[in-house]
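Look at the two complexes coming up: chain A is in both, with chain B in one and chain C in the other.
== the complex of A and B ==
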C-alpha cells in the first residue's frame, strides 16, 4: 500500500487535450490497492477515456458502493465529486443523483460482491429504469477487502487460493444486464487497455444505461491456478467478438478496413462507434442472438469480450419521467411553489 | 330510555370491504359537515381488498371534539359477519339500523336498544336488476334513510351528489333516485326522526376537511420537493400517491408540458432512501414516505445520511408494530426507532404534527430543516391522521416565503478564495458548508463517504479527527433545538402541580379529556411536544410540576424514554399513560387513566374511612 502524497508538478511538455488539461488533471490520489491490482488498470483506462473525450472533470460524478473496486473513485478524477456510499447500494444513490441533475455524467463503479451479491437487486432495477450512466463492475470473483471469500460471479468449479472449491453457480452480470434492458452492454478485461478505453468512451457518450463487466484479476486472492479470473486464465480464454474505435461527434472517419469488416454505429449525440468484427456471426444489435451466443460460448469455456449489445438511440429515465430539461436541483420557489393564491383555492375545494 | 342528543353522537357503519360502501359513508359525513356541524370520521379497516369486515365511524360533534370517542349510538349494521359484535358495541339506549329483508330471531337483538329494520335488499332487488347496481345503490339508499331518521337537510346530500359526479353527469340522476327511495321509505314506514338528530349549525366555519397524507404531500409540493422515491406500504402509500396527483396539477412547466418533479416507485425501501440520499447529495429536495417496517429497512442509509450529512426528508406514517404488526391500525410506536436510527451513535430530528394542517406545515418546513441541518428529518404522522379525513384550520402559506437551502458554497465564493472544508465548523453551530457536484472546475470537490474523515473530507482513521467530528455533530443537534417547531404550552386556569405531555394524533382526544378532567376537579397544565430534539421549554415544564403524565400511543412509553434519556429527567415524575391496542386514543381512556391516578393521590382522612 502506498501512502505518500502524490506530487502535483508534472513534465512541462505533457500533452494537453482540447480543454488544456493534461492527463494528470484526470488523476486522483495515489491508489492504496495492492501492487498489480487489475482495478488500477481500469482506473487508468477511465482517466485515459475522460482525457481523450475532453471532459471537464468536475462535470463527472463518480459513485461507488463498498469494497476494493468501490475505493477506486478516489484514485481518478480528483476534481469530481465522489460518493462512496453503502455496500451494494450505489445504483439507487446514482439514480437519485441523476434525477437531481441530468446535466452531469454519472460513473458508477462497483465490484462483483457489491453488484452480484448484496446489490443484485439494485443493479437490476437501476438498469431496468434506463438510468443514464456508465456502470462498471470490476469483476474479480472474490472478496478482496475481507481476504479472499468467493463472490457470486466466481465460476462453479473454480478453486480459491486456500483450495476450497466453489460449488455454487455464478451470476453472469452481462446476461442479466441484457435481460433487464441495458442499452449498452460490454465485457472487457483490465489487462486489455486497447479494448477497454474505447468501450469506456463509447459508454460515456451513450445515452441510457451502459454496463461494462470488466474482468479484473485479484493479484492477492484470485490469481492462482484453478481460478477462472486470473490473468493467465482470462488471457487464454478471452474471445473478443469485435474491436471498437470511438469517434467523437463531427470527427472525420478514417478507416482502412475492407467493406463488411467494419460497421459504423452512430449514437444519439452524433458520436460514432467503429466496430471491427472479429466474429462474422456476431451482431451487436441483436439482443436475442447476443444472449444465445454468450451462453454458447460460456458453455464452451470462453469469455466473450467486446461490445456485446448496443441500442444507439435509447431512451433514458428522464425521457420516461418526462422531466424538464433544466436540472431539478436548480429550480427555485418560483418554479416549484404553487403559492398562496393557489392554496386558498385548494382550501376552498376542501370545504 | 333512548339516548336523546342533537349534534353530538356517534354513527358507525359496519360494512363488507369492497362493497362500495366507502363513498356512501363519506357522503353521509360530508352532508353533516355541510350542515355546519363538525364530524370526525374514521376508517377501521382490515388488511384486505375484498370480503373482510370494515367499519366507518362518524362522530358528529358540534362541540368540535375530533378525537375518537368510543362507543356507538347508532349502528348501521350491514355486515352479517360481524353482527353480534356490532350489536354488542351499541351504547345502552342507542339505535340499531339493519337490513330486515331476512328475518332474524329475537335472540339476535338487544332489548335496551331501539331496533330499526328496513328491507334494503328487497327494495334493491325490486328496483334494480344489475347485481352491481343492487349493491351500490343499497349503500346510497341507507344514506337516504338516515337523512330522514336523523332529520337531516336532504338538499345538502343532493348537492354533494351533484358535485361528486360532476363530469359524469349520467350518474347523478340514478344516485339521487336511490337516495330518495331510501328517504321516502323511511319517512313512510319508520318513526322519523329518532332521538338522535342533526341540526343546522355554524360550527365548521372556515375549517377544511382533508386527509393527513394528502396534506403532508401538499406540504412537500409547497416545500419544493422535486424527487420522491417510495415503496408501497400501508398506511403511507396514499401520501406518495397524493404527491403524484398534486404534482400532475401544480408542477407542470406551462411552456413545455414537462414535469418539474421525478417520482420513482422503487424496488424496496432501501432503494427509496438511496435515491433520496443521492438526489439530496446532488442538491435536489427529496423525500420518501413509508411506515415502521420501511424505517427498519432504511437504517443503513439513515446512518450514512447522518454521518455524511446529507439532507433527507422521511414521512413515517406509523402503524402498529412490531414486525408486520397491525398494518391497518394506528400507533405512535416508531419514536425510538426513528430517533436513534442506525448503528453507532446517531440522533435524528423528528417532527410531530397533530393534524393535517400541521402535516402540511411541517411537511414543507422539513425540507428547510433538512437543508439547514444537512441531516435526515422525520415527519412522524400516523394512520389516524394520515388515512382519515380530519377537520382542521385552512392550510397557510406566506406569499413571500423563500426556501432556506442552508449552507451551500457557490462557484463565486470558491473563486473568491473562501476556505472550503466539507466538515469544517466555520460558524460554531456545528453546521459545515457543502458544495453541489459540478460547481467549480478546480475547487470545492470532495469525496462523500460513510467512513471517518477530517474536516476537509480526507479519509482518516485517527481517533482525534473522529472525536472532533462526532462532537461537532452533537453541536449541530444542539443547534437543531432552536430551529425545530417549539412545544405549545397551555396552562390551566389556576396553578397546578400536575402537568401532561402529549404529541401528534393524541391532540384532539387530549383537548377533550382536559375539559372533562377539569369538570371532575382535576387541573393540569398541558405541553404539546412538536419536535425532537426537545426545546428547553420541555425540561422547564417538567421542572414546574410535581409530576407530569406522558400520554402516548405505544406500549413502552417511547417519548418518555427520550425525555428521561435526553433531558436527564427523573423518571418517577413522568407518569406514562399508554394506549396501544391499535385504535385511536380516546378522551374516555385518557380521563380514566389520569383521574384514577389523581384520585388515588387524594388522601382520605382515616376517621372518614372508619365511619
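== the complex of A and C ==
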C-alpha cells in the first residue's frame, strides 16, 4: 500500500514495442495490496507479456471475481476493458463476454478461493466448454482478502500463520483443468518471472481454454515456515519440467541445444513455443502420462512447474457452437433479421 | 562484480550528483529541503559553512552542480540549485548571532594573505575563529577581489558583497587595503608563520594585430575596462561596440556596454557558438538584451582613421578536422568582412602574472611560468607558502577559490601545529534511516513533474538604463517552493540488506525507473547489458549486493533513481531502506588535526 502516485518519469532508454509503447504504458493504477504480495509480481509479468506481444490495450478484456487476486486487474492494463464480477462468477461472465465479442483477448484473473472454493463449478464448466481465454489463478492457498483462512488449495497438513493444521484435502486445479479438457495447462511461480512471462505469452496466443496455476505467496498470511505456499517452500520444492521460450510467428528460431533437448511446438496462429526439456521423460502432449506424472511428483512433495500440457490445434467454444466469424455484438438488423424467406426455410427444415 | 562497499564515504557521496560536482561539496539537497520548509536562515547557514558566500554565489556561481544534477538525466533541465541558494540569502533573518565569534584568545600565529578575493577570504574565515591573526593585503581599497572589481553590479549588487565580506572581516581579520605586495621576499622577512597567495589572475590578454597601437584610444582590455567601470572611472562607451571573445568576461563586457551608451553591441568570436567558453545562461542573458553573437570570424586588423578606430576586419573561417581528428579553423575563402564600430573590448582571456615573486626564494615555477602547487595541500615548493584561487592553477571561478581556500586553511592549521600536511582529514559521514511508518518518510518523496521555473527579471527598459540595477529579481517564496519540489533528494540513499531480502520482486516491479534487477552475477560490462533497463551511463555506479538465497545478485543502477522510496515502501521485509547521507567536510581546527 502506497500513498504517492507512481512518478510518470521513466528510464530514458526504456525499449518501446512495435506500437511505440513502453512497458510502463501497460501499467494500471498503483497497487493497494500488501507490500511484497506475489500477486503484484504476476501483474508485472502480465504487463511484460502484453508489452512483448505488442498487444493494443483496447483489444484486451480483464475479468475477475472477488479477492486480492481479483483486485489486481486494476493494477495492470489501465487502458483495457475490465469487469469485476461476483465472487466465483468470473468464468460465466467471461463466457458471456466472449460469446458476444469473440474478437477480444480475454484474461480471466482469479484466486484460489475465487476458483477452487466458491467458484469450483464455474471454473470447471468454462474450461470444459473450451472458452478461448487465459485463466490465471493467483494461488496463495488462503483467502487473502478476508484475512487468511485456508482456501481449497491449501495442502493437507500445512499450517496457518497461527499454527492451526489444515486437515482437509486440497483441490489440485492443474489436475482438474486437465481432466475437464483445458487445451493449455501450466503451473508457475510469482517469484520466477523468467518462467512466467513466456508462459503467459504462450497462453495468450493459444486458441482455446488456457489455464495457468500460478503460486503466489501471501506475505501477510501465508509466508511462514508451516506453509507450503511460501517463497522458501516453493523455491525448495520447485521442479520445472521444461523451460519455455515464446516466439512470435515468423521469428527465426535459434537452436543451440543438443538434439532431443529442445522441442518446437507451433500453435494455430504460427507462434512457436520452444520448449527446453529439463526432464527427459516428460511429454507435454501426452495428457495421461502428464496426469500420472503430476500425481506422482505431488505425492513426493514436489511442485511441478512449466508448460504441463498443450494441444496446439485445439477447438474453442465458438467452433463447438458453429457461430459466425463476425462478433455477435456487431451483427446488425440485416444479419439478425434475414427476412421472411429465410424464416420459411428454417421452418421447413424443422418439419 | 564484487559487492559494493557502501561504507566507503565516496560511494553514496557520488550518488548526490550536485554535491559531488560542487568543488566545496555543499550539501545541496539538504538546503533545498530547508528552503522548502521555509527555514531560510538554516539553509543559509549550511551554505555559509561550506561555500562562504551564499548571497554572492546564489547570483554568480559557475554552478558545476547544475549540469551534473540528476534531474538532467531524468527530465531535461536541472534543479535551479544556484538560484535557490539566493533565496536562502534573500529571505534569511539576521544571522549574525549564528556566526562564529572572533577568537577570544589568539593562538600567537600570524598568517599573511596576499589578495583579498574569495580564496584569501575563505582561508581567513576558517582560521580567524581558531585564534590565528590573519592579515589580508590587497592593492584595492576594499575586500572582495574580482567579485568586487569585475562582476558587474547588474548581476551582483555591492550591498551583497559588503555583507558577506563583512561577515569575514568581522571575525577579527585585519584587512590592509590599498597596499600592493611588491616583493614576496620582503613579506617573508616579516616572519609570518605562513603565507597564503590569493592574488588571482589579474592580467587580461591583448590582441596584437595591425592597427592596435594606432587605434589604442578606442581599444580596451576587457577586465581593465570592467574594473574601471566598477570603480566609476568609466561611465560611457561609443554607440557601436564590438566585443571580441567568447567567455564570461566578454558577456559582462557586452552587457555593460549596453548600459553605458552602446546601442549596437556585437559579440564576435573566432570559433563556433557552441564552443564558446561562456556558460549557456550567460550567452542567453546577453542575447536576451539584444546583443547578437557572430561566430567563425577571426579578427585580422583594427581599421582606423586619424587615430580614431573605425572598425575591425575579420577573416571568415570554418571548423575542419585534420588527419589526426583535431579541430582546426580554416579560411572559407569568402572575402574578409569589415565591421564598423566606435569601440572594441578585447576579452580574449586572462593570465596569471607574478612579477612580485622573486625566483630565488625556493618557489619553483613551471614551463608556463606558473608556481608548482600541490593540488591537495595547495602548498608550493617552499614550505609554509600556500596558493589558492586563480593564483594557483589559472583562472577558474569563485567556488573553486573557496574550495582551495578551505584546503589551504587545513594545510596551514596542520602546518602551524607541526603536523604533516599530506595527511588529510576524512569528511564526517552519517546515514540515518528516514522511515517513520509503513509508508511514511521524513522527507517528501512525492516528485513533481514540473519543468524548471524561470527567475523573474526586471523590466528590460529599466534594467538597461541603470548599470547598477540588478537584472534578476530572484524567486519569490512561492516560486522557490515550487522549484524545491523538483529536487530528487539524491542524498536520501537506497540502502539494501541482502539477509532480509526474500526475492519477491516487489521492488523491481514498482520502481518507476527500472533501476533494480535480480540476476546472475557477471563482470560489469556484461551486467550493464543484462539489467531491467540497460545501464548505458558508465559514469554512474552499479550497486551490487550478493548473499541472496537463490545465489543471484541484486544490481541497482544508480543513474536515474528518483529516490522516491517506492522500493522501500514495497519491500515486505525492510531489505530496502531510505537513509539520509550527510557528508560534512572537515575544516581547519581540531577535527582536522591528527593529535586531536
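As a convention for this text, the second predicted complex is superposed on the first by the 326 of 351 C-alpha atoms of A that agree within 3 Å, B and C clash if a C-alpha of one lies under 4 Å from a C-alpha of the other, contacts with A are read in each partner's own complex, and residues count from 1 in each chain.
In this text, a residue touches a chain if its C-beta (ideal position, glycine included) is under 8 Å from a C-beta of that chain, and two chains touch if they have at least 3 such contacts.
Everything numeric here is computed off the predicted structure, so don't read it as measured data.
Enquirer: Regarding the shared-chain residue A:321, is it in contact with chain B (first), chain C (second), both, or neither?
Expert: Only chain B is touched by A:321; chain C is not.
Enquirer: So in the superposed three-chain picture, is A:40 touching just chain B, just chain C, both, or none of them (first/second/both/neither)?
Expert: In the superposed model, A:40 contacts chain C only, not chain B.
Enquirer: Chain B or chain C: which reaches more residues on chain A?
Expert: Of chain B and chain C, more residues of chain A lie in contact with B.
Enquirer: For A:208, select first, second, both or neither according to whether it touches chain B, chain C, the two together, or no partner.
Expert: In the superposed model, A:208 contacts neither chain B nor chain C.
Enquirer: Report for A:193: first if it touches chain B alone, second if chain C alone, otherwise both or neither.
Expert: Once the two structures are laid over each other on A, A:193 reaches chain C alone.
Enquirer: Quick check on the superposed pair: does A:312 touch chain B, chain C, both, or neither? Answer first, second, both or neither.
Expert: A:312 sits against neither chain B nor chain C.
Enquirer: Could you look at A:12 and tell me whether it touches chain B, chain C, both or neither (first, second, both, neither)?
Expert: It touches chain C, and chain B stays clear.
Enquirer: In the overlaid three-chain picture, which partner chain does A:235 touch, first (chain B) or second (chain C), both, or neither?
Expert: The second partner, chain C, only.
Enquirer: Quick check: in the complex, which residue numbers of chain C touch chain A?
Expert: Within the complex, chain C touches chain A at residues 73-75, 438-439, 445-447, 449, 502-506, 508-510, 512-515, 533-534, 536, 549-550, 560, 562, 564, 566, 569-573.
Enquirer: Per the contact definition, I'd like the list of chain A residues that touch chain C in the complex.
Expert: Checking each residue of chain A against chain C gives 1-14, 24, 31, 34-38, 40-41, 43-44, 190-191, 193, 217, 219, 223, 231-232, 235.
Enquirer: Please name which positions on chain B make contact with chain A in the complex.
Expert: 204, 206-210, 218, 221-222, 224, 226-227, 229, 250-251, 253, 256, 258-264, 266-268, 270-284, 286, 300-301, 304, 394-399, 401-403, 435-442, 445-451, 459
Enquirer: Which positions of chain A touch chain B when the two form their complex?
Expert: By the definition above, chain A touches chain B via 56-59, 61, 63, 73-74, 78-86, 89, 91-101, 103-104, 121-122, 125, 129, 318, 321-325, 328-333, 335-344, 346-347, 350-351.
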